[in-house]
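The following blocks contain the structures, represented as C-alpha coordinates.
In what follows, chain A forms one complex with chain B and a second complex with chain C.
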Partner chain A sequence: MTEGEIRELCEAFFDAYENRRVDVLDRLYADDCIVWHNVFGRETSRDENLERFHDSYRGQRRRTYDDRTVNTFHDGFVIQYSLNGVQTSGHRGSLWICIVGRCRDGRITRIDEYMDSSKFGAWAGTSEVTS
Partner chain B sequence: MRRDWETLQLCDRFFDAIEQKDYDTLASCYAPEAVVWHSHDCRYQSREDNLAMLKQGMTTQQKVRFRKRRIRTFEGGFVQQHTIEVTWQNGFEGRMDVCFVGYTRDGRLTRAYEYFDTAQVDRFLGPR
Partner chain C sequence: MPSTDTVHRELCHALFDALEQGDVAGVERCYAPDMTMWFNVTGAEITKDENLAAITKGVDLHRRRTYDDRTISTFDDGFVARYTLGVVLHDGSRRSLCACLVGEVHDGRIVRLWEYLDAGKFSQEVGS
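Let's turn to the complex of A and B:
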(Lines of atoms letter the chains of each structure in order from A and count residues from 1; the text may use other names and numbers.)
(Lines give C-alpha, C1' and ligand atoms only; values in the text may rest on other atoms or scores of the structure.)
Protein backbone atom coordinates (compact mmCIF):
# COMPACT_ATOMS: atom_id res chain seq x y z
CA MET A 1 0.00 0.00 0.00
CA THR A 2 1.16 3.55 -0.66
CA GLU A 3 1.16 5.97 2.23
CA GLY A 4 -1.67 7.82 0.46
CA GLU A 5 -3.75 4.64 0.46
CA ILE A 6 -2.94 4.06 4.12
CA ARG A 7 -4.09 7.59 4.96
CA GLU A 8 -7.36 7.04 3.07
CA LEU A 9 -7.88 3.75 4.90
CA CYS A 10 -7.30 5.45 8.25
CA GLU A 11 -9.80 8.22 7.49
CA ALA A 12 -12.37 5.74 6.18
CA PHE A 13 -12.03 3.68 9.35
CA PHE A 14 -12.69 6.59 11.70
CA ASP A 15 -15.46 7.97 9.48
CA ALA A 16 -17.12 4.55 9.75
CA TYR A 17 -16.85 4.61 13.53
CA GLU A 18 -18.32 8.11 13.62
CA ASN A 19 -21.19 7.19 11.29
CA ARG A 20 -21.89 3.84 12.96
CA ARG A 21 -21.18 1.96 9.75
CA VAL A 22 -20.45 -1.49 11.11
CA ASP A 23 -20.69 -2.88 7.58
CA VAL A 24 -17.77 -0.65 6.53
CA LEU A 25 -15.76 -1.54 9.64
CA ASP A 26 -16.32 -5.21 8.88
CA ARG A 27 -14.77 -4.63 5.46
CA LEU A 28 -11.83 -2.59 6.74
CA TYR A 29 -10.74 -4.96 9.51
CA ALA A 30 -8.52 -7.76 8.20
CA ASP A 31 -9.81 -11.22 9.10
CA ASP A 32 -6.93 -11.74 11.53
CA CYS A 33 -6.99 -8.19 12.92
CA ILE A 34 -6.01 -7.80 16.57
CA VAL A 35 -7.06 -4.82 18.68
CA TRP A 36 -5.06 -4.03 21.83
CA HIS A 37 -6.29 -1.50 24.41
CA ASN A 38 -3.88 -0.02 26.93
CA VAL A 39 -6.65 0.38 29.50
CA PHE A 40 -7.35 -3.37 29.51
CA GLY A 41 -3.82 -4.50 28.66
CA ARG A 42 -5.05 -7.29 26.44
CA GLU A 43 -5.68 -8.13 22.82
CA THR A 44 -9.13 -8.68 21.36
CA SER A 45 -10.21 -10.08 18.02
CA ARG A 46 -11.92 -8.21 15.21
CA ASP A 47 -15.14 -10.14 15.86
CA GLU A 48 -15.15 -9.17 19.55
CA ASN A 49 -14.76 -5.53 18.58
CA LEU A 50 -17.49 -5.63 15.97
CA GLU A 51 -19.85 -7.39 18.39
CA ARG A 52 -19.25 -4.76 21.04
CA PHE A 53 -19.64 -1.83 18.69
CA HIS A 54 -23.28 -1.06 19.47
CA ASP A 55 -22.70 -1.54 23.21
CA SER A 56 -19.92 1.04 23.06
CA TYR A 57 -22.46 3.58 21.82
CA ARG A 58 -24.94 2.87 24.65
CA GLY A 59 -26.05 6.07 26.34
CA GLN A 60 -24.55 8.22 23.62
CA ARG A 61 -26.43 10.41 21.21
CA ARG A 62 -23.50 11.41 19.05
CA ARG A 63 -19.79 10.83 18.82
CA THR A 64 -17.28 12.59 16.57
CA TYR A 65 -13.62 11.92 15.93
CA ASP A 66 -12.15 15.41 15.71
CA ASP A 67 -8.81 17.18 15.38
CA ARG A 68 -7.38 14.19 13.59
CA THR A 69 -3.64 14.31 13.07
CA VAL A 70 -2.63 11.41 10.86
CA ASN A 71 0.92 10.40 10.02
CA THR A 72 1.70 7.42 7.85
CA PHE A 73 4.63 5.04 7.42
CA HIS A 74 5.33 2.08 5.20
CA ASP A 75 3.03 -0.38 6.97
CA GLY A 76 0.63 1.74 8.93
CA PHE A 77 -0.34 4.97 10.57
CA VAL A 78 -0.51 6.85 13.84
CA ILE A 79 -3.54 9.00 14.50
CA GLN A 80 -3.99 11.47 17.36
CA TYR A 81 -7.51 12.79 17.85
CA SER A 82 -10.10 14.03 20.28
CA LEU A 83 -13.20 11.91 20.72
CA ASN A 84 -16.13 14.19 21.45
CA GLY A 85 -19.40 12.72 22.60
CA VAL A 86 -22.86 13.89 23.49
CA GLN A 87 -24.65 11.60 25.93
CA THR A 88 -28.41 11.07 25.89
CA SER A 89 -28.42 13.19 29.07
CA GLY A 90 -27.02 16.08 27.04
CA HIS A 91 -23.64 15.87 28.77
CA ARG A 92 -20.70 16.58 26.49
CA GLY A 93 -17.36 14.92 27.09
CA SER A 94 -14.01 14.49 25.39
CA LEU A 95 -11.24 11.96 25.37
CA TRP A 96 -7.79 12.35 23.83
CA ILE A 97 -6.66 9.21 22.11
CA CYS A 98 -3.73 7.92 20.09
CA ILE A 99 -3.96 4.87 17.89
CA VAL A 100 -1.19 3.09 16.03
CA GLY A 101 -2.55 1.02 13.16
CA ARG A 102 -0.90 -1.57 10.95
CA CYS A 103 -2.22 -2.20 7.44
CA ARG A 104 -1.95 -4.78 4.69
CA ASP A 105 -3.73 -5.16 1.35
CA GLY A 106 -6.17 -2.35 1.98
CA ARG A 107 -7.21 -3.48 5.44
CA ILE A 108 -6.18 -2.94 9.04
CA THR A 109 -4.33 -5.84 10.63
CA ARG A 110 -3.61 -4.43 14.08
CA ILE A 111 -4.72 -1.56 16.27
CA ASP A 112 -3.01 -0.39 19.45
CA GLU A 113 -5.15 2.11 21.33
CA TYR A 114 -3.85 4.46 24.04
CA MET A 115 -6.17 6.53 26.20
CA ASP A 116 -6.54 7.64 29.81
CA SER A 117 -9.31 5.71 31.52
CA SER A 118 -9.26 8.08 34.52
CA LYS A 119 -11.21 10.45 32.23
CA PHE A 120 -14.03 8.01 31.49
CA GLY A 121 -16.20 9.44 34.27
CA ALA A 122 -15.85 12.96 32.91
CA TRP A 123 -16.51 11.64 29.42
CA ALA A 124 -19.74 9.93 30.44
CA GLY A 125 -20.85 12.70 32.78
CA THR A 126 -20.67 10.55 35.89
CA SER A 127 -17.89 12.57 37.55
CA GLU A 128 -16.33 16.00 37.37
CA VAL A 129 -13.48 16.74 35.03
CA THR A 130 -10.27 16.42 37.00
CA SER A 131 -7.96 18.32 34.68
CA MET B 1 13.59 14.58 1.80
CA ARG B 2 12.84 11.99 4.47
CA ARG B 3 15.83 11.01 6.53
CA ASP B 4 14.40 8.16 8.52
CA TRP B 5 17.77 7.01 9.85
CA GLU B 6 18.37 10.42 11.45
CA THR B 7 14.95 10.30 13.06
CA LEU B 8 15.59 6.77 14.34
CA GLN B 9 18.94 7.84 15.77
CA LEU B 10 17.30 10.77 17.54
CA CYS B 11 14.59 8.54 18.99
CA ASP B 12 17.12 6.01 20.30
CA ARG B 13 19.43 8.75 21.61
CA PHE B 14 16.55 10.34 23.51
CA PHE B 15 15.31 7.20 25.26
CA ASP B 16 18.80 5.76 25.78
CA ALA B 17 19.80 9.02 27.48
CA ILE B 18 16.93 8.69 29.96
CA GLU B 19 17.92 5.07 30.66
CA GLN B 20 21.57 5.99 31.13
CA LYS B 21 20.76 9.13 33.17
CA ASP B 22 22.74 11.18 30.66
CA TYR B 23 21.14 14.57 31.18
CA ASP B 24 23.34 16.53 28.74
CA THR B 25 22.55 14.20 25.84
CA LEU B 26 18.88 14.22 26.79
CA ALA B 27 18.74 18.03 26.78
CA SER B 28 20.51 18.15 23.41
CA CYS B 29 17.67 16.16 21.85
CA TYR B 30 15.20 19.01 22.42
CA ALA B 31 14.99 22.07 20.18
CA PRO B 32 14.96 25.35 22.14
CA GLU B 33 11.23 25.79 21.55
CA ALA B 34 10.29 22.19 22.37
CA VAL B 35 7.07 21.45 24.22
CA VAL B 36 5.76 18.17 25.62
CA TRP B 37 2.08 17.27 25.91
CA HIS B 38 0.81 14.60 28.33
CA SER B 39 -2.50 12.80 28.16
CA HIS B 40 -3.11 13.04 31.92
CA ASP B 41 -3.56 16.84 31.91
CA CYS B 42 -3.82 17.55 28.16
CA ARG B 43 -1.45 20.48 28.54
CA TYR B 44 1.81 21.46 26.93
CA GLN B 45 4.81 21.49 29.24
CA SER B 46 7.77 23.73 28.44
CA ARG B 47 11.18 22.34 27.57
CA GLU B 48 12.59 23.63 30.86
CA ASP B 49 9.85 22.13 33.02
CA ASN B 50 10.02 18.81 31.22
CA LEU B 51 13.79 18.61 31.55
CA ALA B 52 13.54 19.49 35.23
CA MET B 53 11.02 16.67 35.69
CA LEU B 54 13.23 14.19 33.85
CA LYS B 55 16.30 15.33 35.80
CA GLN B 56 14.47 14.75 39.06
CA GLY B 57 13.50 11.29 37.81
CA MET B 58 17.18 10.53 37.30
CA THR B 59 17.68 10.91 41.05
CA THR B 60 14.47 9.28 42.33
CA GLN B 61 14.48 6.30 39.98
CA GLN B 62 17.11 3.62 40.57
CA LYS B 63 16.70 2.18 37.14
CA VAL B 64 14.64 3.00 34.05
CA ARG B 65 14.19 0.83 31.00
CA PHE B 66 12.08 1.29 27.89
CA ARG B 67 11.12 -2.24 26.94
CA LYS B 68 9.44 -3.54 23.80
CA ARG B 69 10.31 -0.46 21.78
CA ARG B 70 8.35 -0.42 18.55
CA ILE B 71 9.37 2.55 16.41
CA ARG B 72 8.01 3.87 13.15
CA THR B 73 9.19 7.02 11.45
CA PHE B 74 7.11 9.33 9.31
CA GLU B 75 7.62 12.63 7.53
CA GLY B 76 8.65 14.99 10.31
CA GLY B 77 8.75 12.63 13.24
CA PHE B 78 8.30 9.22 14.80
CA VAL B 79 6.04 7.17 17.02
CA GLN B 80 7.43 4.83 19.65
CA GLN B 81 5.34 2.38 21.64
CA HIS B 82 7.04 0.98 24.72
CA THR B 83 6.62 -0.31 28.23
CA ILE B 84 8.49 1.85 30.72
CA GLU B 85 9.85 -0.17 33.61
CA VAL B 86 11.09 1.74 36.65
CA THR B 87 12.77 0.50 39.80
CA TRP B 88 12.04 3.05 42.51
CA GLN B 89 14.26 3.79 45.51
CA ASN B 90 12.00 1.70 47.76
CA GLY B 91 12.59 -1.26 45.47
CA PHE B 92 9.15 -1.25 43.87
CA GLU B 93 9.24 -2.18 40.21
CA GLY B 94 6.62 -0.28 38.23
CA ARG B 95 5.58 -0.47 34.63
CA MET B 96 3.38 1.46 32.24
CA ASP B 97 2.47 1.11 28.56
CA VAL B 98 3.19 4.35 26.73
CA CYS B 99 2.82 5.74 23.24
CA PHE B 100 5.19 8.62 22.44
CA VAL B 101 4.72 10.67 19.29
CA GLY B 102 7.65 12.98 18.50
CA TYR B 103 7.83 15.74 15.91
CA THR B 104 11.27 16.79 14.77
CA ARG B 105 13.11 19.55 12.94
CA ASP B 106 16.79 19.69 12.08
CA GLY B 107 17.49 16.55 14.07
CA ARG B 108 15.85 17.67 17.30
CA LEU B 109 12.50 17.22 18.99
CA THR B 110 10.20 20.22 18.73
CA ARG B 111 6.96 18.68 20.05
CA ALA B 112 6.16 15.46 21.80
CA TYR B 113 2.89 13.81 22.83
CA GLU B 114 2.85 11.14 25.50
CA TYR B 115 -0.20 8.90 25.99
CA PHE B 116 -0.70 6.59 28.96
CA ASP B 117 -3.39 5.47 31.38
CA THR B 118 -3.20 7.26 34.73
CA ALA B 119 -5.73 4.80 36.16
CA GLN B 120 -2.79 2.39 36.24
CA VAL B 121 -0.60 4.78 38.21
CA ASP B 122 -0.51 2.46 41.25
CA ARG B 123 1.00 -0.24 39.09
CA PHE B 124 3.63 2.29 38.02
CA LEU B 125 4.40 4.18 41.23
CA GLY B 126 3.63 1.49 43.77
CA PRO B 127 2.77 2.10 47.44
CA ARG B 128 3.07 5.77 48.45
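Let's turn to the complex of A and C:
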Protein backbone atom coordinates (compact mmCIF):
# COMPACT_ATOMS: atom_id res chain seq x y z
CA MET A 1 0.00 0.00 0.00
CA THR A 2 1.18 3.55 -0.69
CA GLU A 3 1.52 6.16 2.03
CA GLY A 4 -1.61 7.86 0.69
CA GLU A 5 -3.62 4.64 0.78
CA ILE A 6 -2.52 3.88 4.34
CA ARG A 7 -3.34 7.42 5.45
CA GLU A 8 -6.80 7.26 3.82
CA LEU A 9 -7.46 3.89 5.44
CA CYS A 10 -6.55 5.31 8.84
CA GLU A 11 -8.80 8.35 8.41
CA ALA A 12 -11.67 6.20 7.09
CA PHE A 13 -11.37 3.93 10.12
CA PHE A 14 -11.65 6.79 12.62
CA ASP A 15 -14.41 8.51 10.64
CA ALA A 16 -16.35 5.24 10.80
CA TYR A 17 -15.87 5.03 14.55
CA GLU A 18 -17.00 8.63 14.93
CA ASN A 19 -20.11 8.08 12.78
CA ARG A 20 -20.94 4.69 14.29
CA ARG A 21 -20.62 3.02 10.89
CA VAL A 22 -20.15 -0.58 11.93
CA ASP A 23 -20.71 -1.66 8.33
CA VAL A 24 -17.68 0.41 7.26
CA LEU A 25 -15.58 -0.90 10.13
CA ASP A 26 -16.51 -4.41 9.05
CA ARG A 27 -15.06 -3.66 5.60
CA LEU A 28 -11.91 -2.05 6.96
CA TYR A 29 -10.93 -4.83 9.38
CA ALA A 30 -9.10 -7.74 7.75
CA ASP A 31 -10.71 -11.09 8.46
CA ASP A 32 -7.87 -12.04 10.77
CA CYS A 33 -7.52 -8.62 12.40
CA ILE A 34 -6.43 -8.57 16.04
CA VAL A 35 -6.98 -5.68 18.43
CA TRP A 36 -4.83 -5.34 21.57
CA HIS A 37 -5.48 -2.79 24.35
CA ASN A 38 -2.84 -1.81 26.90
CA VAL A 39 -5.57 -1.37 29.52
CA PHE A 40 -6.79 -4.97 29.28
CA GLY A 41 -3.49 -6.52 28.18
CA ARG A 42 -5.11 -8.98 25.84
CA GLU A 43 -5.92 -9.48 22.18
CA THR A 44 -9.44 -9.58 20.80
CA SER A 45 -10.68 -10.64 17.38
CA ARG A 46 -12.35 -8.42 14.79
CA ASP A 47 -15.72 -10.07 15.48
CA GLU A 48 -15.45 -9.43 19.21
CA ASN A 49 -14.72 -5.78 18.51
CA LEU A 50 -17.60 -5.38 16.08
CA GLU A 51 -20.00 -7.13 18.46
CA ARG A 52 -18.99 -4.84 21.33
CA PHE A 53 -19.06 -1.65 19.31
CA HIS A 54 -22.50 -0.48 20.42
CA ASP A 55 -21.78 -1.37 24.05
CA SER A 56 -18.67 0.81 23.88
CA TYR A 57 -20.92 3.77 23.07
CA ARG A 58 -23.27 3.16 26.01
CA GLY A 59 -23.95 6.33 27.99
CA GLN A 60 -22.41 8.52 25.31
CA ARG A 61 -24.22 11.03 23.14
CA ARG A 62 -21.34 11.85 20.83
CA ARG A 63 -17.73 10.94 20.29
CA THR A 64 -15.19 12.66 18.05
CA TYR A 65 -11.64 11.68 17.17
CA ASP A 66 -9.87 15.00 17.02
CA ASP A 67 -6.38 16.45 16.57
CA ARG A 68 -5.34 13.44 14.56
CA THR A 69 -1.61 13.26 13.92
CA VAL A 70 -0.90 10.42 11.53
CA ASN A 71 2.48 9.06 10.48
CA THR A 72 2.79 6.14 8.12
CA PHE A 73 5.40 3.46 7.53
CA HIS A 74 5.64 0.71 4.95
CA ASP A 75 2.98 -1.55 6.45
CA GLY A 76 1.06 0.64 8.81
CA PHE A 77 0.49 3.84 10.69
CA VAL A 78 0.69 5.47 14.08
CA ILE A 79 -2.04 7.92 15.03
CA GLN A 80 -2.09 10.19 18.06
CA TYR A 81 -5.43 11.82 18.79
CA SER A 82 -7.83 13.25 21.35
CA LEU A 83 -11.01 11.28 21.92
CA ASN A 84 -13.65 13.81 22.89
CA GLY A 85 -16.95 12.57 24.20
CA VAL A 86 -20.26 14.00 25.32
CA GLN A 87 -22.10 11.76 27.75
CA THR A 88 -25.89 11.55 27.80
CA SER A 89 -25.64 13.60 31.01
CA GLY A 90 -24.03 16.39 29.00
CA HIS A 91 -20.65 15.85 30.65
CA ARG A 92 -17.73 16.36 28.30
CA GLY A 93 -14.52 14.39 28.62
CA SER A 94 -11.34 13.84 26.69
CA LEU A 95 -8.75 11.08 26.47
CA TRP A 96 -5.35 11.13 24.75
CA ILE A 97 -4.79 7.96 22.81
CA CYS A 98 -2.16 6.47 20.53
CA ILE A 99 -2.84 3.63 18.15
CA VAL A 100 -0.40 1.68 16.02
CA GLY A 101 -2.08 -0.02 13.07
CA ARG A 102 -0.84 -2.62 10.61
CA CYS A 103 -2.32 -2.76 7.11
CA ARG A 104 -2.41 -5.18 4.21
CA ASP A 105 -4.31 -5.04 0.91
CA GLY A 106 -6.39 -2.04 1.93
CA ARG A 107 -7.47 -3.39 5.30
CA ILE A 108 -6.28 -3.24 8.88
CA THR A 109 -4.69 -6.42 10.19
CA ARG A 110 -3.71 -5.36 13.70
CA ILE A 111 -4.35 -2.55 16.15
CA ASP A 112 -2.41 -1.83 19.32
CA GLU A 113 -4.07 0.83 21.45
CA TYR A 114 -2.47 2.82 24.29
CA MET A 115 -4.39 4.98 26.74
CA ASP A 116 -4.51 5.83 30.44
CA SER A 117 -7.29 4.09 32.37
CA SER A 118 -6.80 6.43 35.35
CA LYS A 119 -8.55 9.08 33.21
CA PHE A 120 -11.68 6.97 32.61
CA GLY A 121 -13.57 8.41 35.58
CA ALA A 122 -13.00 11.97 34.41
CA TRP A 123 -13.89 10.94 30.87
CA ALA A 124 -17.23 9.51 31.95
CA GLY A 125 -17.94 12.25 34.47
CA THR A 126 -17.91 9.88 37.43
CA SER A 127 -14.79 11.30 39.10
CA GLU A 128 -12.33 14.14 38.87
CA VAL A 129 -8.96 13.93 37.14
CA THR A 130 -6.50 12.44 39.59
CA SER A 131 -3.22 13.11 37.85
CA MET B 1 25.33 6.08 4.03
CA PRO B 2 22.73 4.40 6.25
CA SER B 3 19.06 4.75 5.35
CA THR B 4 16.70 7.00 7.30
CA ASP B 5 15.05 3.87 8.63
CA THR B 6 18.38 2.63 10.00
CA VAL B 7 19.31 6.00 11.50
CA HIS B 8 15.98 6.37 13.29
CA ARG B 9 15.95 2.77 14.44
CA GLU B 10 19.47 3.02 15.86
CA LEU B 11 18.62 6.30 17.59
CA CYS B 12 15.57 4.73 19.21
CA HIS B 13 17.62 1.76 20.44
CA ALA B 14 20.37 4.10 21.68
CA LEU B 15 17.80 5.98 23.75
CA PHE B 16 16.34 2.84 25.32
CA ASP B 17 19.79 1.34 25.92
CA ALA B 18 20.92 4.52 27.67
CA LEU B 19 17.74 4.61 29.77
CA GLU B 20 18.27 0.98 30.71
CA GLN B 21 21.81 1.63 31.85
CA GLY B 22 21.01 4.83 33.71
CA ASP B 23 23.34 6.60 31.29
CA VAL B 24 21.97 10.14 31.46
CA ALA B 25 24.77 11.51 29.25
CA GLY B 26 23.88 8.86 26.68
CA VAL B 27 20.24 9.93 26.79
CA GLU B 28 21.26 13.56 26.33
CA ARG B 29 23.29 12.66 23.24
CA CYS B 30 20.08 11.38 21.65
CA TYR B 31 18.30 14.70 22.21
CA ALA B 32 18.36 17.94 20.23
CA PRO B 33 19.02 21.03 22.38
CA ASP B 34 15.39 22.19 22.18
CA MET B 35 13.91 18.74 22.71
CA THR B 36 10.57 18.47 24.54
CA MET B 37 8.60 15.54 25.89
CA TRP B 38 4.86 15.11 26.37
CA PHE B 39 3.37 12.48 28.69
CA ASN B 40 -0.21 11.22 28.40
CA VAL B 41 -0.50 10.77 32.18
CA THR B 42 0.11 14.43 33.00
CA GLY B 43 -0.85 16.02 29.67
CA ALA B 44 2.15 18.28 30.19
CA GLU B 45 5.12 19.00 28.00
CA ILE B 46 8.53 19.22 29.66
CA THR B 47 11.89 20.50 28.44
CA LYS B 48 15.03 18.49 27.83
CA ASP B 49 16.53 19.64 31.12
CA GLU B 50 13.38 18.70 33.05
CA ASN B 51 13.35 15.32 31.35
CA LEU B 52 17.03 14.65 32.14
CA ALA B 53 16.51 15.72 35.74
CA ALA B 54 13.60 13.27 36.06
CA ILE B 55 15.70 10.46 34.57
CA THR B 56 18.58 11.25 36.95
CA LYS B 57 16.21 11.23 39.90
CA GLY B 58 14.70 7.92 38.79
CA VAL B 59 17.97 6.02 38.33
CA ASP B 60 18.05 4.70 41.90
CA LEU B 61 14.33 4.14 42.16
CA HIS B 62 14.63 0.50 41.08
CA ARG B 63 17.34 -2.15 41.10
CA ARG B 64 17.03 -2.70 37.38
CA ARG B 65 14.95 -1.34 34.55
CA THR B 66 14.76 -2.87 31.06
CA TYR B 67 13.01 -1.83 27.89
CA ASP B 68 12.03 -5.16 26.38
CA ASP B 69 10.08 -6.49 23.41
CA ARG B 70 10.86 -3.39 21.40
CA THR B 71 8.78 -3.19 18.24
CA ILE B 72 9.97 -0.20 16.25
CA SER B 73 8.55 1.30 13.09
CA THR B 74 10.10 4.32 11.43
CA PHE B 75 8.78 7.06 9.19
CA ASP B 76 10.34 10.05 7.41
CA ASP B 77 10.91 12.18 10.49
CA GLY B 78 10.59 9.82 13.38
CA PHE B 79 9.73 6.49 14.94
CA VAL B 80 7.18 4.71 17.06
CA ALA B 81 8.31 2.12 19.59
CA ARG B 82 6.05 -0.26 21.45
CA TYR B 83 7.78 -1.89 24.38
CA THR B 84 7.48 -3.53 27.75
CA LEU B 85 9.07 -1.70 30.64
CA GLY B 86 10.39 -4.33 33.03
CA VAL B 87 11.40 -3.32 36.52
CA VAL B 88 13.10 -5.18 39.37
CA LEU B 89 12.36 -3.45 42.64
CA HIS B 90 14.85 -3.25 45.51
CA ASP B 91 12.97 -6.04 47.30
CA GLY B 92 13.53 -8.29 44.27
CA SER B 93 9.96 -8.30 43.02
CA ARG B 94 9.35 -7.75 39.33
CA ARG B 95 6.81 -5.59 37.52
CA SER B 96 6.12 -4.78 33.91
CA LEU B 97 4.17 -2.20 31.97
CA CYS B 98 3.36 -1.92 28.25
CA ALA B 99 4.04 1.51 26.76
CA CYS B 100 4.34 3.32 23.46
CA LEU B 101 6.78 6.07 22.55
CA VAL B 102 6.51 8.28 19.47
CA GLY B 103 9.61 10.27 18.54
CA GLU B 104 10.15 13.10 16.08
CA VAL B 105 13.68 13.19 14.71
CA HIS B 106 15.56 15.97 12.95
CA ASP B 107 19.18 15.74 11.84
CA GLY B 108 19.71 12.50 13.71
CA ARG B 109 18.51 13.73 17.08
CA ILE B 110 15.18 13.55 18.90
CA VAL B 111 13.31 16.86 18.96
CA ARG B 112 10.08 15.64 20.52
CA LEU B 113 8.79 12.59 22.38
CA TRP B 114 5.25 11.54 23.22
CA GLU B 115 4.86 8.74 25.74
CA TYR B 116 1.64 6.77 26.26
CA LEU B 117 1.06 4.31 29.06
CA ASP B 118 -1.64 3.27 31.50
CA ALA B 119 -1.14 5.06 34.82
CA GLY B 120 -4.00 2.97 36.17
CA LYS B 121 -1.47 0.13 36.28
CA PHE B 122 1.44 2.23 37.41
CA SER B 123 1.33 1.80 41.19
CA GLN B 124 0.63 -1.91 41.18
CA GLU B 125 2.81 -2.75 38.17
CA VAL B 126 5.87 -0.55 38.45
CA GLY B 127 5.76 0.20 42.12
CA SER B 128 6.32 3.94 41.80
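Definition applied: the second predicted complex is superposed on the first by the 130 of 131 C-alpha atoms of A that agree within 3 Å, B and C clash if a C-alpha of one lies under 4 Å from a C-alpha of the other, contacts with A are read in each partner's own complex, and residues count from 1 in each chain.
Please note the rule applied: a contact is a pair of C-beta atoms (placed from the backbone, for glycine too) under 8 Å apart; a residue touches a chain by one contact, two chains touch by 3 or more.
Given the structure is predicted, the values throughout are model-derived calculations rather than measurements.
In the model built by aligning both structures on chain A, chain B clashes with chain C.
In the superposition on chain A, A:Tyr65 contacts neither chain B nor chain C. When the two complexes are overlaid on their common chain A, residue A:Ser117 makes contact with chain B and with chain C alike. Touch criterion not met for A:Phe53: it reaches neither chain B nor chain C. The intersection of chain A residues touching chain B with those touching chain C, taken from the two complexes, comprises 38-39, 41, 71-73, 76, 78, 80, 96-98, 100, 112, 114-118, 131. Across the complex, chain B meets chain A through its residues 39-43, 70, 72-77, 79, 81, 97-99, 101, 113, 115-120. Against chain A, the residues of chain C that register as touching in their complex are 40-43, 73-76, 78, 80, 82, 98-100, 102, 114, 116-122. The residues of chain A lying in touch with chain B in their complex are 38-39, 41, 71-73, 75-76, 78, 80, 96-98, 100, 112, 114-118, 131.
By the touch criterion stated above, chain A contacts chain C in their complex at residues 38-39, 41, 71-73, 76, 78, 80, 96-98, 100, 112, 114-120, 131.
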